[in-house]
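Letters A, B and C mark the chains in the order given here, with residues in each chain numbered from 1 onward.
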Amino acid sequence: MTPTSRWATRSRWPLGWGLTAFVAVVGLGLGSLGALLWQARALHPAMLWEEPWLAAVLRFTLWQASLSTLLSIGLAVPVALALARRPRFFGRRLLLRAMELSLVIPSLIALFGLVAVHGRRGWVAPLRDWLGGLPEDYLYGLSGIVLAHVFYNLPLAARLMLQALEQAPAAQWRLAGQLGLTRGALWRALEWPRLAPLLPRLAALVFTLCFTSFAIVMTLGGGPGASTLEVALYQAMKFDHDLALAALLALTQLTLCLALWLLALSRGGTPSLAVSARPAAIAPRWWRRDALGASRVVDACWLVGLAALLLPPLAAVLVAGAWGLPELPRGASLAPAALRSLVMALGAGLGALALAVALLVGSHWLRATRRPLSATILEGGGQLILVIPALVLGTGLFLLLRPQLGSGWQGYALVVLVNAFMALPFAMQVVRGALPGLSAQERRLADQFGVRGAARVRWLIWPRLRRPLALALAYAMTLSLGDFSVIALFGSPSAPTLPMLLFQQLGGYRWQGAAATALLLLALVAGVFALLDRLTRRPPRHAGAFSPSPEIADARLP
Amino acid sequence: MTPKLPAAGLALATLLAGGAAHADRTLTVYTYESFVAEWGPGPGIEAAFEARCGDCDLEFVALPGGVDILQRLRLEGQGTAADVVLGLDMNLMAEARALDLLAPHGVDTAPLALPIDWNDDTFLPYDWGHFAFVYDTRQLDAPPDSFEALLEAPEDVKLILQDPRTSVTGQGLMLWIRKLYGERAPEIWARLDERVLTVTNGWSQAYFSLFMNGEAPMVLSYATSPAYHMAVEGSDRYQAAEFEEGHYLQVETAAMVANTEQPELARDFLAFVLTPDFQRHIPLGNVMNPAIELGDALPGVFDRLIAPKSLTFAPETVREHRREWIREWLNAVAR
Amino acid sequence: MLDCHDLTFHYQRCDPGEIPDFCFTFGLAPGECLAVEGPSGAGKSTLLGLLAGFLEPGGGRLTWAGQDLLARPPWERGITTVFQDHNLFDHLPVWLNVGLGLAPDMKLSGDQQARIRAGLAEVGLDGLHDRLPDELSGGQRQRVALLRALLRGAPLLLLDEPFTGLDDATRQGLWALVRRQKAAGVAVLLVSHDRDDIEALADRRCRLETGRLV
């Protein structure tokens, strides 16, 4: 490690920012939990193992989440390897885009697509009957839950792994080609070392998402035997008003997932959700010895498999939505609802971004002053929200703010706030990779020439951060764009957001219109990604360090 | 720059608040999401009431469902912003009453036309309907005509149910079975379980994601559901199966909050509930039966709906046993 | 004898007849070392990439002893490249990194392992057999890379500024390794802008200007 000069850490403001954000996030998370505990009279932890159905639920939750994680990550590896080995094929860009988006598709929409494709009367039905091996209702029960979770998580996992592979130094890929490394050797020398540091955190993220999954597990579970802790929590909170049990369940979930995250954070590097802007190096005809011959068939199988998993449910939503377009409400509610959703999502996205940057800046400062433990805790604080159920967050916040909370305005503000906190873990994943920004050498140079403060941010840091920041904003915005859970908590005046409109349509039998609204929501999500990508695609003129590849830099200079 | 900022803020505020202007006399009504939808009964009722009261403003606050209204009331306690709550069904009444937040409605209930007698002085019914299994006539020619027949139905008559822990319809089925079979309920649950395709968390998932995709021939819903398909979509494809043992009844009610700042307005509103001006928005807006005789204002398709015998428990009984019955169900079907 | 004739390369697709961005013509005999100088950005890496097969040429001819190299994949061209950096795989110990030159499937026979051990001792790295690249100095890493090239025994060695940033003593050790290769009949193409490197190794020298060798 390069020793850092006293000067590099002279200014303490990053720590201040980080701590402020940390206090806000952890205060909100633990505060809402605390409010529940405070309202609840007595806690009976023994219930966890003494109540048979609760124990069964806990067991099932752990089982399905482990299985889903194992399959998502396990299958993502060969998919990522195949994608890395085939840098050019028709539809690759589209596939990568769809993979990036899979995380932010609202579960109601994903479920509709999955049922339309894999259901008993779904698109797959004729094929299934012809093959004969699959049971008619494989979509229901454990297999369905795992299928849905793999649908959600495999594409993203594979996308991040692909990125890690592509970020290996070009010289190493060239050497591997020149020396003619075989499949096994390539795996040992290049691929595994790139993927291994990614796995702990990726697994922790996927596990947490599956552990807290709600609608998917209930709808496809086939019965109360398949249920998650969140369902029990929902029941305790809403129907029984048993805050003690709710708090107990939330604490259980928190403890389990936090333990997992600590384990993941303590080992393994930092996978970044950031999908890099670097154009893939120009691939010649033969760039890898293992890309010839039968490997084409193998890769084709994996890629077709990926496309078959990912694309048909999305297509089903598109088709149903297109049919439903004429059924959209004629009144004026649709456009304002969409606009309202966008404004709120923008607010939540910017909030999440600000929190993420503050936390990361703070933790970098701590690392620079060689306090890695504190840095990890500061960063871990941002992940806390991932494991606190929205219901607990919302209800706890409600209890805390009750006297001040009117309806309308403040309700919306609160929704934006909670959404910002909920998008924070994802925003952090994206920004994290880019934030180290200046190397120690560049930092020293900048110090030497006195490029500091605003100038340093403007000319040295901003050019590198703008793309990851835009991507983080896109993730945070789209996550809150599709969110039903938080907005449902606080209630709303009669002006709906897009997801609420969708719910209203479903509640009012307008399912074709609902499909169209879902399509619109999906289009907005894709639009936000595309727009932010376009806005930041061209590097600013002064960012010499940002130029894409040495070859192209060669060509432009005289 | 400076003059623009407040203007932008104001525009934003209007956008977020949906352009609602605030009159001096505002009546805040907590209700559920689908009630206030553009095509739901909410907008028509709001317009009719505001026209009748003159300078008042009716403001709906929409929560996901009846349970959430109760929950919200409980969390807010005495400080609740609600003047009226609309959407608590019979099974939530006892718990809502126990909060000691609601006041007698003082409305003459003579016009009520419910399948059962009603003499509650706090909760005023505004619509009702039976829980029923809706079936797809393209998949099922002869639906079961009794609960027994349903239990004996062929293997391929699959059902989509909802979870009694998270949905009103699911809870309705639980009470239905309990009412019909009493102590034998667990055994019935176990037999029914063989017909079940899946148990969803909410009615929307079951009806929209699964039933409308043709996943199963029958779904747990309301006896009034076919009215929507017949009247709005002009399709007779979806019908409700009538069971000879009777169907469990759902009655949805409105009630006023005791320490409301607008007691008169709240009472006016409750009186308005039992008038044709309110009720005619119910049949197709809320897809439920109106609480009074509507005469010609009732859409014709409602005559073609099933009219089964009504089954109910007293709200107090539900409150007392609900958790126990849910556990009974869980233990019967959790494999 | 390496014969490179009108080997061209374009960044963007261009029409036939249009003047290509790069066009290289030169020859190189076994045991000879040709140094290519030029400012950064002149296309030195492009030249090496074309020869090694990392880039696809627009046209031209490239033969070794009369055999067409352009038709062969990089691993069959008989070319070894040593880059300025990242020559070693970070997670493999030194001996395996060297071993990749002998067995691309990492299955090393006892005999091959003995050769690696002897080779490492010969270039003064005997104690570092099991170390990871991170634990070596920059000069040691380049020495490992050159040893791998030596043991691999390819008839053509491309050096892409491999001595940049190293001190004189280290560089002299590395020069010796390159000279051994030359003595064994290996043709060496050295890309550098360091006068000392060129004077120590090159038999001939040329400059790269606006995409042409002069």
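Note that in this section a residue touches a chain if its C-beta (ideal position, glycine included) is under 8 Å from a C-beta of that chain, and two chains touch if they have at least 3 such contacts.
Chains and their UniProt names: B = Thiamine-binding periplasmic protein; C = ATP-binding cassette domain-containing protein.
The shown structure was predicted, so the numbers you read here are calculated from the model rather than taken from an experiment.
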| item | value |
| --- | --- |
| Centroid comparison with chain C (C-alpha atoms), farthest chain | B |
| Interface with more contacting C-beta pairs, comparing A-B to A-C | A-B |
| Inter-centroid spacing, chain C versus chain B (mean Cα positions, whole Å) | 78 |
| Distance between chain centroids, defined by C-alpha means - chain A, chain B (Å) | 36 |
| Between chain A and chain C, centroid-to-centroid distance (C-alpha), Å | 43 |
| Sites on chain B touched by chain A in the complex | 12-13, 15-20, 28, 30, 32-34, 36-40, 42-43, 46, 59-64, 67-68, 71-72, 74-76, 79, 81, 95, 158, 163, 165-166, 193, 196-201, 203-205, 207-210, 212-216, 225, 228-229, 232, 287, 322-323, 326-327, 329-331, 333-335 |
| Complex contact set, residues of chain A against chain B | 52-53, 56, 108, 111-112, 115-116, 119-122, 137, 140, 214-215, 218-225, 231, 234-235, 237-241, 329, 331, 333, 336, 339-340, 343-344, 395, 398-399, 402-403, 406-409, 412, 488, 491-496, 500-501, 503-511, 514 |
| Chain A residues touching chain C - in the complex, by the definition given at the top | 169-172, 174-175, 177-182, 184-185, 188-190, 192-193, 282, 284-287, 289, 292, 550-555, 557-558 |
| Partner chain A, residues of chain C touching it in the complex | 11, 21, 40-43, 45-46, 49, 52-56, 73-77, 79-81, 83, 85-87, 89-92, 100-101, 104-106, 152 |
